[in-house]
Each structure stands twice: as structure tokens, then as C-alpha cells.
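Here the structure is laid out as C-alpha cells; the discussion comes afterwards.
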Amino acid sequence: MMKPTLTTPLELAPLLAFGAHPDDVEFGCGGVIVRETSAGRAAHLCVCSRGEAATHGTPAERTAEAEKAAQLLGATLEFVELDGDAHLEIRAAHAIKLASVIRRLRPDILLAPSLEENQHPDHFRLGRLVRDAARLARYGGVAELRGSAAHAISQLFFYALTPESEPADVSPVLIDVSSPKIMEAWTAAMEAHASQTRARNYVELQLTRARLLGLRAGVGHAIALYPNDALVLDSLAQLSRGARLF
Amino acid sequence: MMKPTLTTPLELAPLLAFGAHPDDVEFGCGGVIVRETSAGRAAHLCVCSRGEAATHGTPAERTAEAEKAAQLLGATLEFVELDGDAHLEIRAAHAIKLASVIRRLRPDILLAPSLEENQHPDHFRLGRLVRDAARLARYGGVAELRGSAAHAISQLFFYALTPESEPADVSPVLIDVSSPKIMEAWTAAMEAHASQTRARNYVELQLTRARLLGLRAGVGHAIALYPNDALVLDSLAQLSRGARLF
Amino acid sequence: MMKPTLTTPLELAPLLAFGAHPDDVEFGCGGVIVRETSAGRAAHLCVCSRGEAATHGTPAERTAEAEKAAQLLGATLEFVELDGDAHLEIRAAHAIKLASVIRRLRPDILLAPSLEENQHPDHFRLGRLVRDAARLARYGGVAELRGSAAHAISQLFFYALTPESEPADVSPVLIDVSSPKIMEAWTAAMEAHASQTRARNYVELQLTRARLLGLRAGVGHAIALYPNDALVLDSLAQLSRGARLF
Amino acid sequence: MMKPTLTTPLELAPLLAFGAHPDDVEFGCGGVIVRETSAGRAAHLCVCSRGEAATHGTPAERTAEAEKAAQLLGATLEFVELDGDAHLEIRAAHAIKLASVIRRLRPDILLAPSLEENQHPDHFRLGRLVRDAARLARYGGVAELRGSAAHAISQLFFYALTPESEPADVSPVLIDVSSPKIMEAWTAAMEAHASQTRARNYVELQLTRARLLGLRAGVGHAIALYPNDALVLDSLAQLSRGARLF
Amino acid sequence: MMKPTLTTPLELAPLLAFGAHPDDVEFGCGGVIVRETSAGRAAHLCVCSRGEAATHGTPAERTAEAEKAAQLLGATLEFVELDGDAHLEIRAAHAIKLASVIRRLRPDILLAPSLEENQHPDHFRLGRLVRDAARLARYGGVAELRGSAAHAISQLFFYALTPESEPADVSPVLIDVSSPKIMEAWTAAMEAHASQTRARNYVELQLTRARLLGLRAGVGHAIALYPNDALVLDSLAQLSRGARLF
Amino acid sequence: MMKPTLTTPLELAPLLAFGAHPDDVEFGCGGVIVRETSAGRAAHLCVCSRGEAATHGTPAERTAEAEKAAQLLGATLEFVELDGDAHLEIRAAHAIKLASVIRRLRPDILLAPSLEENQHPDHFRLGRLVRDAARLARYGGVAELRGSAAHAISQLFFYALTPESEPADVSPVLIDVSSPKIMEAWTAAMEAHASQTRARNYVELQLTRARLLGLRAGVGHAIALYPNDALVLDSLAQLSRGARLF
């Protein structure tokens, strides 16, 4: 099967979101994906296991759920094999494999799980691998990557799947996802992972977090992203909103 | 003398920058002011002493320097009396006085010196007073402010006058000030404070800092601002630049 | 009028909670107060202004609301005059005044607003004054306090009125307030401050925060407190619950 | 040989303490183990090497020392083979192996070395593996663990073997170990590691640390533990002691 | 009475240590003072109250104790009146008064209590005032200081009176005070404050802290100082000792 | 080929600097190396790859550049094979290999890249391996190291190759490298890596950083080092310079 690329000519450069398990992107930042795809940006999800170590759901079920959810987010989807669910390790070969995905898709923006360690060990390890991959993708001499042109992304944002995994030392950027259309699509994409949501109130967790950020920002719901590198802006024109309602 | 207001109908809401001494805004974030005024945004500088405790320069000289510098930045200027240079204290009355300035000018964006304490004591105290003033300006029942309508700003950014005063726990936003026109106006505004620049290489300090940030961001020069509240954005569209050249 | 004391013989030593405004204790940690009073512990609220600078509500209305709310919490209430709403300053005389309240009531546990500065300036200043007062209350030679016996509290906990004022450098202790009776009394006490809740969704803010903590802890709702000093325990017997549901 | 289990019916759920070397638990938190076992709680030590890379002591000697020390602490003991002393690596297989120990023993409370990196590399790596193992133990689908029922612990506490390895970003809980009986048993258990204590004053290091914490807490000696997850409590009843003597 | 100066021509520039109470310097860093005076450096103690709010000791007794202790440290002593014990406030006038002391004595090195707030409120306030005073002492235009020549110190070190007041965000420098002569003089100077040491084991607290640092550094005893500004050195020649025994 | 040793009897104990790529030591702390070698201290560079993954320069070219640069710094050089450029992993075997280098050369001071993760992944991984290696080098029982005598270094300093990799939680020590002779040699050593400097302005980045530190310290140029362990000093004699010009 030919691997997907994102070559459709678009005004907005594509976005590439990594998840360690089939539902990570949806729960962690699904609303942001919808926000971007509904504005015409191409988004691609790269999922690094079939969730085979979870208490509920078979790999086949979870694959189907991920495909349905990606569609609801307006995104394309691929699976990349690393060490398997609950077995992910930090290996240079993994970072290089992810770098090859980056080179193929040539996104501007990457999304990856945050680096805080008190969460599922696959999450923060994937976050580290993606961060390293973003660097390796731009080095010209990595032997395994020689077939593809070097590519420098513009920004890597981390998303947090739980309150415990919110980075303590990076200021978040809150993305307003209040529009009913976005909220509906995001909620549907989370609920598409029915094998998981049956067991625990993951959806309520994420909606409560988003509502709390929304209350702070004076909007309906918001999702926090954590930039890996300092934001660079041309002026203050885009920055005149702050979360200071209370 | 009638106190200035910023009522000119503009598309961009006005910006209000506070400095403890006549040269603080210029040295700390002058390039950002130029960037905004050259885009048509009204900017007003509120200076809270005449710099009368400095080793060099009389209050009269420093007032004249500040007026010249403000003009070079494209900004208007006023002086507010608090406790005097090197004598600033944290008093509720000062915060309320600054809140009345905010209510009169009704800016979207505030700029103030950072809160880190290892710098001139007037700097971080003014930063705190401005932060508190931004809150008090929106409370309806403060007796001293009753004549004016409550006003909620959108965002408060801190600027750092020295490397030591850069906040350690807030992620900076880098504003690209590389355009030659901006750099010229900023440099001229700093050099307008001739009584100060004769004694120490303040200008070199700021240009070295801005060049270092520029190198990191892959541009000529940049200035770091530190948001007081989480940034709220409608989408990722404005965020696809990160400082990751090296 | 005779000032209140807490001399009823009780097995549990009394609790003393300080608020800068008539509704601070209720919004910040009202559920904890209910939890303690419903277990038979005496609780006393010490409110340091009449909320006269707020946009809504007269001092008389707010006093009445506070009295009703305290009753709903099962607590007694007194007002202490410091500098007035929105005018609080850090003064040794204030800390000594609060120390005299501590000496009169002789509590084991103190509750006070957190010290994070990005909130209403009265909040963090009161938190600092209470922390200092707890120290001064035990020093035998403070002239203004000579009429009363020195008293050492056992622990000071801070509560956070907003997400922004949650301490970043102290690990929270989560108090389970899930029982319907507690939640009802807490909610009623918050809603007793009708002049404030009409204007903004403060109640939703607090219930959303408590639900989010409850989700993390695997209970209904929880409130976070931040100890000023390291917890000292006799054994691990009381510590075998952690917030690790997700 | 049949692997040990902790099935004795007890009111207090069992405690499981991990050490990278035969003396780690004794030096890092031995007094806490004594405190718990003398209250009737079952405690089990899981040691992950024979200390074969140390300057002093053969594996056989160190095994014997560990067995004697465990007995003095009132705990049972087993050795688990990972990579060997000074060779420990972060591998998913190790975390899964430790998860199988957790599933077999089904403890409420785990103890593990802290995560700070400036200490023996085996220490912080084992701390990470235990933290990850505690998560994996509750996931139903991990293939290697299928024979055993999933188990969720209640709390994981880290202990610090040296001042350098005390976590900087977690508030400690101080356990009072002042009782002479506890101090005697703890000291004896440390001295049972005679091959190590001959070479360096490890015992003095730990007793000095415990005395310093005791002075702060107003007791004889105390040991600091660092919870991995926020403490959840039913009320303030257990929290009315704080370390605030000076 | 003529105020003391430190004009004796010495190879080592004088050291000036500030304390809020008569015993602060002795308990916080007395060993360092002895170390320096025994090497021929002039040291001067500036004490900012008579300890009149303490539970034990009259101002007259405490003055006599301080004089005896200073002599044991080999230091001169003066008292400066600010607001009185337990009443210290942050006022510009205080910082300027302390700046005038700095200008008179012209030290290279300043010592002051640390800035951490969870300690006696006079301690951290004095630390802030000294830090600000060190800045004001070098500004030429401060009206109150016009009679004296501006003076720039070289380094300000903070000392911590308790473990709670050790700065969390500054790396300490450990001064080896192991020589028996130093330890004897330091201990004697602490015990000279007999009114205080009768009531609590302050001496044991400090000796335990110093021994713990000594154990870490592989020496007998050490005292931690916390530099306010980055250390500047000509080479690595002086830096080849680190606290890495365990 | 016989491996190099540093047995020349010298007054100053030798220094050993590790780099992940052929130019890391030169860019990160070359000026410090020159400072030390020009004072007669032996310095040895241990480079852990040939830079074969970089966009520019062949391994042969880069080896030659490194040899020339080491000569300009007055240092000797060796290459150690680990996993290869862009492929470095944290393995116990690597730390042991580096420990064997430490045992052979028996340095007092180590230099290694900082541990901050947002940089080239080889950098922080090498920093961790060197830190662990410094510990393992002093343990007597590590089987692979049995042929060589245990060795305890005195201090490990980290250097930062970029602003992003400067440690946030360690106070830096600034080494004054202002002498023209040092600056010339350092600059020449950086420019010796011509394959790299052609592509990006690495030299300007480092000189700008050093000038900014120099401005703060009141000297020409300075380089920041970050000690791994608390500095231990005999007195304050070497510490009377602080970076407080502004």
C-alpha cells in the first residue's frame, strides 16, 4: 500500500499529530484538529500502536474506532509500528522512523503528547521521540533518511491527556474550540472510541478540562497546547486575548 | 493641562506602556512599540518618575530625552507622580492611580516591567502595581475610580530590562523587530537618552539581547515579551513560527 | 459587643478561615468547611472587608449574604477591619491584628487565600498577612499582643480562589467533599452570595474545578488545599489514597 | 521455589518497597518500614540486584546482610533480576516484570527510590520503572501479565537515599519515627549492611537527615516521603501536624 | 557617638553582614564570619532590632549577647533602627538607610537573610531591603545619600536561618568551616545568645545542618551561602571541589 | 595504537571535556579550555562521533577539523565510538565505556553537554552518560572496569551549546574569557570547523552569547558553566565577583 502524503495544494501548511494509542489525539487535542480541518488545513494522524495492552477493546476494534474518529475530525490516519502498546522505548531507530514520516508529510505544525512522566509511559516517550524526530528530520546526513529531502517544521506543540501530564514549566496557549460545530465533532470523535469510553468517563474528563479553560478564557471551551519553542510573531496583532476572566 | 486620551478611531486598540524611569520602555521594549505604531496602533507611554536618582542627567534633561524618544517611537507620553525615582513602594493608592490611567486610555494591551526582583527596585514594584491596576480598573465599586467607566484590558505583557529580570517561569513570546526601519527607530529612541548611554553601554546590551533572540528565531532581531495570562487564540494560524534555528 | 471565642469543649480543635472579601472562603474552600463542621469541628470565618469595591452588592447586602452563608456552612463569622476592599496593604500592624484573632480563637488549623500574585491583590496579601500572623501569634514579646497567651497553630493551609491562584510549587492535598449533604450545603453557601453570582458564573467555576479534581481522585468532587509546612504523620495509615484514576 | 505472596488477612493492606541494591530500602526509608510493620502491616522488600558493582562486599555477603536487615525491619524479602548492579536500563520488559510482582503481592502502598537523576543511576531508573510498573499493573491487556489479575495500587511514595536525590518539586510528607523501638530497629537494619557501613558513614548520613527533619517537626527523628500523586483525604482530621518548629 | 567605619588598610576587602535580630548572623552564617575574620578580613555586623518581640530576653540582655557574640566572631557590631522586631516593613526609606551603611563601610561582600517567605517575616524583608540597598548604594542621584560616595559591592550572599528558608532556585556555595578553631568560635558565638538557646535547640539545629552539608562535601562541617548574582571567576582553578561524596 | 593518558606531572589536575560531535566542545566551552590550557592545565577532548549525520562535512573532514581545533585550544583529542551521530542511546555499557576513559585520564574536572532535552538528542544523552560515568568510575566492583583503579573526579560542569540548552534550575558560574589571546584562540578553534560554520552562523551565536554574559559581568566576554554538584570552597576569597553590572 502506498503510504499517504499531504500534497494537496493548500494555503495552510499541513498539521501532523502523533498519538501513542488509537484514541490519544482525540482525547488530548481533538477539538484543535477539528478547528484546523474545518478551516481547510490538512491534518494527518500518526498512531503508534493498536492499543493492544488496554483493558478493553481488541486491536481490530480499536483500529476501526480510530478510523471513524479520524474521519469525524476531518483528518487522515496511518499507523506506525514501534514497540507495541505499553512497550514503547526510547530508541534512536524510532525517532528516525518518525522523522521519515515528517519528511514524507512535510507539516508545519506537529502535535505530540506531553513530556511529563507521571502518565502512561508510552505517552511521554512518544513525546520525546517526536521532539527528537523533528530535529533529525532536518539533518542532511542521517543515513536511514537519505532518500527523502530534509524538512524543518515550524512549531511542535504538546497536548496533555490528563491534568497530571500538563507541563509545569511551559506557558500554555489556549485554543478556543467553543463553536458548536467543533464541539460536536470533537465529542463525536471521542465517543467513537466506544471500547474505551464504556469503561471510564474519559469524555467527561476532557470536557470538564475544556470547560474549565473556557471559563478562564471567557469562552465556551478551550484546549491547552504547550509550545516546544518560543513563539515568534510579527506583531502583537494576534495576541490581544488573555485568559483573565476571574 | 488636560490629560491625554486615545480616542482617535483606530482599527487596532491602543497600547499603553508603563515605565518606572524615563528610559525604561525604550530600553526594555522600544522595538515592539515602533512595530505597533508603524502598523497604525496608537501607543502611549506612562512614565512614573523623572529619573532623578540616577547618577547622570537632571530631571529636566531626562524629561526632554523621554519626549524626544517617545516621538521617535511614534508614541505619546505622560508622566505620573508616584513616590519618585528609587522610592517607589507598593501602595494601594498607586495601583488605583494607575487604574485611573488605564480607565482613561482604555487600552487592549498593557506593557510593564517584569516582576523579577533582582533588578532596580522601582522596576518590579511598578510591574506589580500595573498588574494590580489592571484588575482594579475593572471593578465597579472602587470609590476613587467612580468617575470613570470600568475597563477590562485584554492582555498584559511584561518586558525585561536586563537578562537578570527575564521571568524564569513564563514562556516568552518573541516579537520580530528585524525590519531596518524598526531597528533604526528603536536604536534612535534608545540613544535619545543620551545622559544614560554616555555612562554605560545600555544600547549594546539591548541590541545584543535582541540579536541573540533573532539568531534563535532565524530573523535579524527580536524582543521577548512575557504574557501575564495564558494566550487565547482562535486557531493555530498565527502560531506557525517557533524559535528553533539551532 | 463581645468578640466571639471558640471555647465549646470539642474533641476536634477549632478551625479558623480567613477571607479578604465576604465570599472568599465560600468560593475557595466552602466544601471543606462543611466537611469539618458536619464532623463536629468548630469553624470560624474571619472576613477582612465588606466587599465594598466590587461591581455589585452594597456592604450591607454583602454582610447579610456572608452571615447567611456562614450559617449554611455551620460556621461562626466575624469581620475584621484592615484597609478596606481593594486597598489591602502588607503592614506589620495588620499581621499583629490577625495574630490577636488567632490568639483569641486558638485554632489548630488555619485556612487562608493562596500567595500566588496573579489574582485579586487583596487575596495574596491577606494570605501573606495570615502566614506572618501565625508566626507572630507564638512570639511572647510582641507588645501589642501582651494581653493574650501565645498560641502556636498546627498547620496553615492555603486555598485557591481561581485556577490562576493555585500554587505551582506546593503539592496539593485533595479533600473529598463528594457526600451529597456536603455538596448541597457548599453550593447553597456559594449561592447565598447572590449579588456576586448574578454577575458571573463563579459557582460553575468552583463546581467545575471540584469535579475535575474529583475525576482525578476517583470520587465525586474534591477541593485542593496547599499546606504551608510539610505534613507530619504518625504512619502511612492515613495516606493510602492517591489521585491516580487516569 | 514458590514466589512469596502476602495473603495473610490483615487490616492494613500490605506495603511493597523496591530497592536497586541490597541496602537501599534500609538507608532510604527503613524507619518507615519498621513503623508500619510494628503496627501490623505486612511489608515486603523487592531488591533488584545483589550490589555486585559496589567497592565492598561480595554478592553472597550482601544477600546475607539484606536478609538479616529485612528481618530486623519485620519485612519479607525477595530478589528480582533485572540488568545487574550499575547496569540497570529503562526497558519496557523490566517495568512489566515489576508489574508482575505488584500483581502477585497486591499492595496498597509502594515505596521506590526517587527520580532525581544526580544519584546512582540505578536508583532513579528503578524509581521510573516502578512508577511505570504501577500503571501497567492495572492495564488488562498486557500480554506478559495475562495470568494475573490487574491491580491498582493506592499510592506510590518515593524515598531519597541522599540529600541530592530529594525531589525539588514535590512537597514531602514527614513520617515520625521517633519511638526508641523504631529508631533501634532502623539503626540495626542499616548496620546489618556491615560491608557498606565500614567504608563510609552512611548511617550517620541517614541519622543526621532524620534528626534534622525531626528538629523541624518538633519530634525526635522523621523520614521524608514524596507522594507520586496528590494525597486524597476524607477530612482534615489527620492533617493537623505541620513541620513548623522554627 | 561616631559611627564605625572599616578603613583599616587590608588585603581583603571588608565584609558586611546584616541581621534582623541580635542572633541572626550568628545562627545563619557565624562560621563563615569566623572563617573570614581568622583570615584577616574585617567583618562588621549590622543588626536591625534588639529582638524585643521574642519570647525570651530583654533588649538589654540581647544587646549584650550580640556584643559578646560579635567579639567571638572577630567582628565589629552596630545596631540600626528600622521598625523594630516583628514590625519590619518594606519601605524605600529603610533601603536607603541600609545603603548609607553600605556606603560608609564600603564592603566587597554582603551577607543577608534569604528571601524565602516561610520564615520570620523580618528575615525575608530584611533580605529584600539589603538587596535593594546594594543597588541604591551605587546610584549617584539619591538625595538622602548625597553626602557619601557611591559604592558598588562585588557580591551579595544570602544565608538561611532554617531549612525552610533555604532558597529553592539558587545553587548554594558550601563554605568549609571544619577547622576546630572555627567550629569552636562559631559554637561559642551561638551559645552567647543564652536567652534564646535556653528555650529551643537552635544550636543543635545549626550544627546538624552544617554536619549534613559537611557529610555531603566530605568535610567536617559546611555552611551554605546563596549568591544573588552569577559568580564570575577567572578560571576553574578555584572550583575543583564539589559536594559529591554520596 | 596506545590510548592517550595524561600523566605529565602538572600542578593543575587535568581536565577532560566530552563532546557528542566533533565541534561541540569548541562551540560550547572552547574559551574555557583555552583559558585552562594557557594556564598550564592539561586538557583532553573526548569526542563521541564523527558528526556523520550532519548536513555538511564528511567524517574525514570533520575529524581533521576537530584535530586542528583541539590543537588551537591546546588540548589533546581522542574519539570514542558509541552509537554514532544522531543514534546515541542511554545504555549502561556506554556509561561504563566513558567511565573507563575517566579512569585512564584521572581528571579533576569534567565538562559535558547540558542535560536540557530541547536540543540535539545526542547532546543531552551524552551529558547523562558522562554524569553516570563519573559515578561508576569510583565504584570498585564494576566488572568491566576491573583492570583500572577507581577514580573520583572533583567536579562535573555542564556547558550549553545553545540558549535553549542552558539549564533552568542550576545557577551558572561565569568564566571570564576576555583576554584577547583567549578570544582569538577560541574563535580560531570554532572557525576550524569550516564545514559547519559555512552553513550557519554558529560562531556569531556563541560570540553573541559570550558578549552578553560579558556585559552582565562587566568584562569583555564570558562563558557560563553549570556545576553538577554544589561548589565547595575554603573561604569567600575567590568569590568576590558577581555579574551585577546592570
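Letters A, B, C, D, E and F mark the chains as written, and numbering starts fresh at 1 in each.
FYI, a contact is a pair of C-beta atoms (placed from the backbone, for glycine too) under 8 Å apart; a residue touches a chain by one contact, two chains touch by 3 or more.
As the structure is a computational prediction, the values presented were derived from the model and not from experiment.
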Neighbouring chains shared between subunit B and subunit C, ordered by label: A, E
Steps needed, at fewest, to go from subunit B to subunit D via touching chains: 2
Pair from A-C, B-F or C-E with over half of its contact pairs in common with B-C: C-E
Greatest separation from subunit D - chain, by CA centre: B
Subunit C against subunit A, contact positions shared by both copies (same if over half, else different): same
Separation of mean Cα positions, subunit E and subunit B [Å, integer]: 36
Junction residues of subunit B, two or more chains touched: 90, 164, 168-169, 216, 228-229, 243-244
Pairwise touch network: line, ring, star, complete, or other: other
Chain-to-chain touches, reported pairwise for every pair that qualifies: A-B, A-C, A-D, A-F, B-C, B-E, B-F, C-D, C-E, D-E, D-F, E-F
Subunit B to subunit E touching residues, read off their complex: 52-56, 83, 85-90, 117-118, 120-121, 164, 168
Sites on subunit F touched by subunit E in the complex: 12-13, 15, 32, 35-36, 39, 41, 108-109, 152, 154-157, 169-176, 216-217, 219, 222, 224-225, 227-244
Interface residues, subunit A side, partner subunit F - complex: 90-93, 95-96, 115, 128, 131-132, 135-136, 138-143, 150, 169, 228-229
Subunit C-facing residues of subunit A, complex: 161-164, 168, 200-202, 204-205, 208-209, 211-212, 215-216, 244-246
